[in-house]
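The following block contains the structure, expressed as structure tokens.
Residue numbering begins at 1 within each chain, and the chains themselves are lettered A, B and C in the order written.
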Amino acid sequence: MKHAAVYLVAAVLIAAIWALDAWVIPYSDFYITNIVIKIGYNLLAVMGLALVLGFTGQFSLGHAGFMAVGAYAAGALALHTGLPPMLTTAIGGLAAALAGLVVGLPSLRLTGDYLAVVTLGFNGIIIVIIQNTPFLGGAQGLIGLPLATTFATTWTWVVIGGLFIRNVLNSPTGRVLRAVRDNEIATRSLGINTTHAKVVAFVIGAFWAGVAGALIGFLNSSLFPAQFQYDRSIELVAMVVLGGTGSLSGPLIAGAALTALPELLRPIAEYRMVLYSVLLIVMMLVRPTGLLGSRELSDLVPWRRWFGRAV
Amino acid sequence: MDAPSDSRLLDLQRVGIRFGGLRAVSDLEIKLVPGCLHGLIGPNGAGKTTVFNLITGIYRPTEGDIHFDGTSLVGEAPDRIAKRGIGRTFQNIRLFAGMSVIENVKVAMYRHAAGSLWESVLRMPRYWRDEATIHREATQLLDTFGLLSVADLGAEQLPYGARRRLEIARALATRPKLLLLDEPAAGMNPSEAHDLMNLVRWVRDSFGVSILLIEHHMPVVMGICERITVLDQGASIAEGSPREIQNDPLVIEAYLGADVEARG
Amino acid sequence: MLNGLSLGAIYALIALGYTMVYGTLQLINFAHGEVYMIGAFASLYLARWTGVEENPTLPGVALVGLGAMIFCAALGMTIERVAYRPLRKSSRLNILITAIGVSLLLQNLGLMMFGAIQSFPTLLPETQWEPLPGLHLRSTDVVTLSVTLVLMFGLHHLVERTQFGRAMRAVSHSRDTAAMMGIPVDRVVSITFAVGSALAAAAALLVAMDKHSIRPDMGATGGLKAFVAAVLGGIGSIPGAVAGGFLLGLCETLVSGYLASTWRDAIAFGVLIFILLFRPAGLLGRSTVEKV
């Protein structure tokens, strides 16, 4: 019975989200709602990258590329076939996962900075391909997408994604991923195919990035290749690193804060990237393990009784 | 004197490796019979750790052949070789620093008791069953290695000797047929080293695993190993029982003499 | 053809900075592209303040170039001192993230201070002639190539013939051993950054005089291409960076003759991925294996 508790929590959360959507959101400030939705899709992208970068130790600088794949697959499918946007969002996630497989299989034999550069290169290539594909709107963008991203749909995805990642982390696979991060040679000496493990993490991370990208398209009703350039990848890296590599709740907190701050403090929005970069440098110099290091929020507050680890 | 070839668990035949122009190991012969506690000794820089890296596939030999359990290991990836039943420890201990003691052992059980990723993500009954099995077995293993009381500590928090033991426990958790121990008593005082060697012998007896052991402390090796291979400048110069090794003039010249004198 | 060579020369000049820093610190200095960008703006403002803009002379332009090189050398040394040196002992991931942070910071500060785009004055007379039928020579290409060759010759002399060069090669071989031999590692690293940054500044001035427009994001694309060149030649190898730069420049020029220019960026990325996946040590680099 206690095994079902986490499903119960998830169900209650989703019910609460839809209740809010029905009774509170219609009366709340449009601008604030928009920020809350932005936080939602950023969290989806961040949790995938936390798995890849924080827990598996693989430095991907191409996460925005997978967002682009998901966004364009979902957007073009919805636009050209009329399939329901939330279905194409899931398909977009799968397309991104496939891209993750294609990129990950060859690249994940590389380590450290070489991996970072190769993923950066793939990010660039994905953007160039989109820019040159008329079917995807090219550089002028894909417009006229259905508006389907709401508070409820976004945050339902966030709850499902959070549960998914949490369950991966607390599983035999999750242990293997952390082992790869800590010592790849020792992990191989245990008979574990580390490339395979890294690809699994990459594919999962890409899936949730793809879902996040799709939600962006259905929020703005349009998609532009420039939205998924590599500064977005770096933004996501900043969120994970500031939140703590080896933590899930840390990056989620950092992701929410770094999304909301520039929006709420309009005067600093212009300096957003400056803020990110200064935060990154200072954090590395002062506290390189990030906000929470490898701890979870549940280690700091006594929530564990109700939620289990890694909430 | 030689064991018949079909009864050898591990058989290195004229193995050699060059790094660029440098011949690190050449004409290496090791014959290991199942169930044996086999020592690999040699002076510093003789290439002992290189031998382990050759067996476990981290380096690929440029000459010769390595047979394990009847088939060749040459060209196989390290994880495939480990899967075939060879576990190892490292001279510079390689634990998973960011994980707890018990998790270090649980990772090693991944191949034997873990369902699919989907079963974990969806938290299906199989997942809970597997996790319970893994937890029980890991607990048992830690108990036999005297590490149960520190199971939830971070692996890096352990004192040195305990880390060495944890690394052996982790290797055993993969259920190997052959265990390669790279200087497990390095950095220990004589009494700790003595205890560790008793543990090694006990591991061999109770887990039914063969052991190839690199060791520097000569008296320790002579005390517990049934067979010994002596390495000098990348080549095996003698193989036999401790008594045969002690009386081998080549060995005395290359290693023992100097070492015994130095140690008084 | 000459066009491709001069483009390659620029890539090579910037790539040298990447490769020298990687050689000594095993760090991809992401901020190097931004140093190059700042070199362009430094040249612009120097030309303006010294009056070279209104009244360009060859010594004046050379002076502007020298000034920009000194400015960028100081900038590169500062970046190393402030952001990288305190992290010398921490993990490579942390240093890499810091480097990305510095790059992002400089780029955005540039955007705030300089605006999106500025035009660059004509400092040297530009002509074009046709010594052989079908062979067009542009004076800017000739200038770029000759300046690059002079700088490369100077660098070669510095690395192969001087005390500093020996120290730098020792540090890139093994930092710890070099330190034990009494080589002032910190100073060598510092000078390496200075030299690399100065070369990037020279490249920036040459590009600015050719293209007549400079932008705060020119470091991102230019830097990335040059980095590809460095990887192509084998990062850490100085002749490799030169070869990689020319190779990439020629490739891009040749291919963009046949394909739409929008695909041009994809070439660099494609080459990068191909090289890293199939020959990770690059064309002239040496591969290293983790010690077990």
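Throughout what follows, contacts are C-beta pairs under 8 Å (C-beta built on N, C-alpha and C of every residue); 3 or more make two chains touch, one makes a residue touch a chain.
Predicted model, so just to flag it, every value in this text is computed and none were measured.
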Exercise. So which chain is the furthest away from chain B, centre to centre on CA atoms?
Worked result: C
For this session: Pick the chain whose C-alpha centre of mass, unweighted, sits closest to the average of all protein C-alpha coordinates shown.
Result: A
Seminar exercise, completed: Between chain A and chain C, the Cα-mean centres are separated in Å by 34
Exercise. When the C-alpha atoms of chain A and chain B are each averaged to a single point, how far apart are the two points in Å?
Worked result: 41
Problem set entry | Intercentroid distance (Cα basis), chain C paired with chain B, Å | 48
Exercise. When you check chain A against every other chain, which residues touch at least two of them?
Worked result: 185
For this session: Name the residues of chain C that each touch 2 or more other chains.
Result: 292
Exercise. Which residue numbers or ranges of chain B touch two or more of the other chains?
Worked result: 58, 90
For this session: Spell out the residues on chain A that touch chain C in their complex, using ranges where they run on.
Result: 57, 59, 61, 106-107, 109-110, 112-114, 116-118, 120-122, 124-125, 128-129, 131-132, 139, 185, 231, 234, 237-238, 241, 245, 270-271, 273-274, 276-281, 284-285, 288
Exercise. Within the complex, which stretch of chain C touches chain A?
Worked result: 27-28, 83, 86-87, 90-98, 100-105, 107-109, 112, 224, 227, 231, 260, 262-263, 265-266, 269-270, 272-273, 276-277, 280, 290, 292
Exercise. For chain B, which residues count as touching chain A in their complex?
Worked result: 56, 58, 77-80, 82-83, 87-88, 90, 94-99, 103, 106-111, 113-115, 117, 120-123, 127-128, 130-131, 134, 170-171, 173-174
Exercise. What part of chain A is in contact with chain B in the complex they form?
Worked result: 3, 6-7, 164, 167-168, 171-176, 178-179, 181-183, 185-194, 200, 246, 294
